[in-house]
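Look at the two complexes coming up: chain A is in both, with chain B in one and chain C in the other.
Moving on, here comes the complex of A and B:
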């Protein structure tokens, strides 16, 4: 798509200015990620600059790079926890969302209304509010058959994130199923498929391709919003950054490096997913 | 190749019709699409239904395999009453194969898988045996070598022949064809018509909705002209095309022939 846009304006039609042509050429050959990385790098350089200068003074303070280096393992561990929360929430949310989406198309009116209500409620609530609600309303442990199962904050956070995922997923499933032509249903029905068999063997397999790009998009949104869990005290990367910052004596010049590091972590993870999503979107657009 | 169609196809014409419609009515939101249709199809017979668009031809054919529920009347398919709350849908669908105008193959599966899916999923037949039969069916519709092609990689005529093979894999006793060549160009049309003609010659009971008059003349035992949900004219092709009594039928035929 991008290639098409950049190729479209004819640079030769205008006076062949060297710089202009070079610029057009370089934009074509240099993808967005180079530009994005450059911007992030610039931010980081500016972030580190004051500390390097501060270090040249007499006060024996560790440089930002040294501090980051020291804390990086812990912060990365925290980042892994973010990824774990996002993956778990996505798994639960997807499973529940598929069921909820199918309930939208149930032949029983009550089930349809119920599914509609659930979806609308969770799709139109702020994610942070849902997270708070789960943290505050869920018990800290559950008693089943005399067993005491602890229900820590991170588990509640996973639950809190999976609710909006479920609602969004339900809408995606509904849209995808409705986008399959009715002739496919007729075909399956004529061959003796039951409604359930039609879903499993004919309709849903065709939906997966359609749903994959928006699903991946949702996943990267979820990953980025897992930092919300810091508000409720789950020790993910943002919480750890705050702790590291105070352990380093809350030096203001460390704020930018620390948060810059968090930014880079998320960018490095989510950007490729976004790119891949675009690629799949293009690919399936041609296929279907 | 005889086992491809099941045993019912080779039985000589029995007194009991394979398909029997009696005074079938169907309306969509107050608009009567079928207005008292009655017709009998004997085993091994080929009948063609012609008529202008909106005459209810597709609805008629879809009533026979229960895709469209009717309002009143009786539809007997090899002893099964379709218009009944106790209808065993699976038993009906096993007996009746249908091929649509737009092929409606499953785009996510290959040609061979399209043919194999229903016998495996619905009839729970042995996979190897089904695969063997599916290959034979592909050979029958002259598509050897296209086993692993996806529907999108096949031409319209090839897709339509896969669709026919897919229906035959369920070993139906009756085949319904709903304007199966309407979306095809003359050349690919012929491939499909040859396939249907071969089927008819083997003794398969066929009900075709078609605009292919020369084909109807060649293969049909009976031709029906429908308009506004009623059968206006009927007869064997020899007299139907040359001596139609009804003026509307004559007008329609004169415009097509």
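Moving on, here comes the complex of A and C:
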């Protein structure tokens, strides 16, 4: 009985009087990045301001912009390393995650329970702790067939990032496969496909489209987490920032511009990805 | 309690599994402090971020275009940059610009401590996500609700306070829960600015006792427990404030 109260929409004869103004927030014509860039610029100006005071001292010091200009190539190089780590971790994590996700739907109970446990553990533990665990607990080199394969910190970091990716990916695969209508399974079966063939030719191709937006979201998250590797000593952009700052005489007023620069790098990379994800979400929502 | 401590000390002698944070009084005090700080950080940041989310979602419906754009800019800025860099920017960058005040012993200390900076920056980070979540919840409330409330003579704030927000919260609770769980997992980024929370004290203990494996297992376990507690709490809240016909309905 109570159910009806909120769900039944009353027939609307008259146009709402203030409806337009009330829901104005929902249609934003101005691109958000304009506002975001404006905020970033304000922060940078705020951050650059003290360096002009510092210049009035007896020894002329390079201004923040000069310093940034000098170090930008190195920092961008470090940023590329971040992107490399994220791409490698994403590749490994996606592959492992698809397998783990399929294991969720295995017909063997033990495999299902095992997959469930692995997924829950890695999905619910903090990324930084997993990274620490991989950096500190993995060996620094592996011996296989008398070969000595070094296992440097950045490789361990990639492994550390791919663990949570794997768990999140498994959940995505499971959700996507479950969202495919049962009739698809039935028609595949009636066409004589085996279980394996149905996955390959019928179910998974449909899943890819559904998984793309959340997968891109995950990629953007991973890219942003790669800076965590600096905490455990991998030399990526944040580590290079610290080195550049000490090379410039450890002037504390340079920290805000330096970190502002890092923020801008990540914003410039992740914001378009986010916009594209939203676009794909809308596009595929209509088609489903 | 002493027999338990002795048992774990003997357990270490026998098996080599060094759970020093149980039998050693000093380590025990440290780990309990760190654990409480993690809980404290999580609770404070959750509350602040929800406040930011509610207020931000209200401001996003304002008639002033520039206010809406500023909020949208804030959201996209905080969502698309790494939280660790945000913490560094606030703590090192902005912290340097603020004046220092003398403390009780006459030493000059920053106005805002590292714990406070961690709370501020993580609240803003999670708040940006919460604004989006509340906004999507509000948009999912049927327009007829607003019209009915306006027909009853509610003002705009009253419509938001008594009709839109209560319904929106119920609709977006699953998404909100996801974000809060992520937030609890993110609090350990405060490690990077030496906030003595769980990960930080564990790192101190494992560098003193060289029992990395045991501490790592314990930290993972502790975070899993925290997350499961939060999930249980959220599920309970979801059931407690459920209104028929709003939000997730079973059997549909």
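The criterion applied here is as follows: the second predicted complex is superposed on the first by the 255 of 288 C-alpha atoms of A that agree within 3 Å, B and C clash if a C-alpha of one lies under 4 Å from a C-alpha of the other, contacts with A are read in each partner's own complex, and residues count from 1 in each chain.
Keep this in mind: contacts are C-beta pairs under 8 Å (C-beta built on N, C-alpha and C of every residue); 3 or more make two chains touch, one makes a residue touch a chain.
In this text, all values refer to a predicted model and were calculated from it rather than measured experimentally.
*Asks:* When the two structures are overlaid on chain A, which partner does A:139 contact: first (chain B), second (chain C), both, or neither?
*Replies:* After superposing on A, A:139 lies clear of both chain B and chain C.
*Asks:* Does chain B (first) or chain C (second) touch A:255, or do both, or does neither?
*Replies:* second
*Asks:* Quick check for you: in the superposed arrangement, does A:189 touch first (chain B), second (chain C), both or neither?
*Replies:* It touches chain B, and chain C stays clear.
*Asks:* In the superposed arrangement, which partner chain does A:225 touch: chain B (first), chain C (second), both, or neither?
*Replies:* A:225: touches chain C, not chain B.
*Asks:* In the superposed arrangement, which partner chain does A:197 touch: chain B (first), chain C (second), both, or neither?
*Replies:* first
*Asks:* Once chain A of both complexes is superposed, is A:233 in touch with chain B (first), chain C (second), both, or neither?
*Replies:* neither
*Asks:* Quick check for you: in the superposed arrangement, does A:270 touch first (chain B), second (chain C), both or neither?
*Replies:* second
*Asks:* Considering only touches as defined above, state whether A:126 meets chain B (first), chain C (second), both or neither.
*Replies:* Touch partner of A:126: chain C, not chain B.
*Asks:* Which one hits more chain A residues, chain B or chain C?
*Replies:* C
*Asks:* Taking the superposition on A as described, I'd like to know which of chain B and chain C A:40 touches: first, second, both or neither.
*Replies:* So A:40 only meets chain C here.
*Asks:* List the residues of chain A that touch chain B in one complex and chain C in the other.
*Replies:* The answer is that chain A has no such residue.
*Asks:* Any idea which chain C residues touch chain A in the complex?
*Replies:* Going through chain C, the ones touching chain A are 60-63, 65, 68-70, 72-77, 79-86, 88-89, 92-94, 96-97, 135, 139, 142-147, 150, 156, 167, 181, 185-186, 188-189, 191-192, 199, 203, 212-213, 216, 219-220, 223-224, 227-228, 243-246.
*Asks:* Which bits of chain A are touching chain B when the two form their complex?
*Replies:* Against chain B, chain A makes touches at 183-184, 186-194, 197, 201-202, 205-206, 209, 287-288.
*Asks:* Taking the touch rule as given, give the residues of chain A at its contact with chain C in the complex, in rising order.
*Replies:* Interface residues on chain A, with respect to chain C: 2-7, 9-10, 12, 16-19, 21-26, 28, 30, 32-40, 46-47, 50, 121, 124-130, 132-133, 136-137, 220, 224-228, 230-231, 238, 252-253, 255-260, 262-263, 266-267, 270-271, 274.
*Asks:* Note which residues of chain B are touching chain A in the complex, please.
*Replies:* Interface residues on chain B, with respect to chain A: 65, 67, 89-90, 93-94, 96-98, 100, 102, 104-108, 117-118, 121-123, 152, 166-167, 170.
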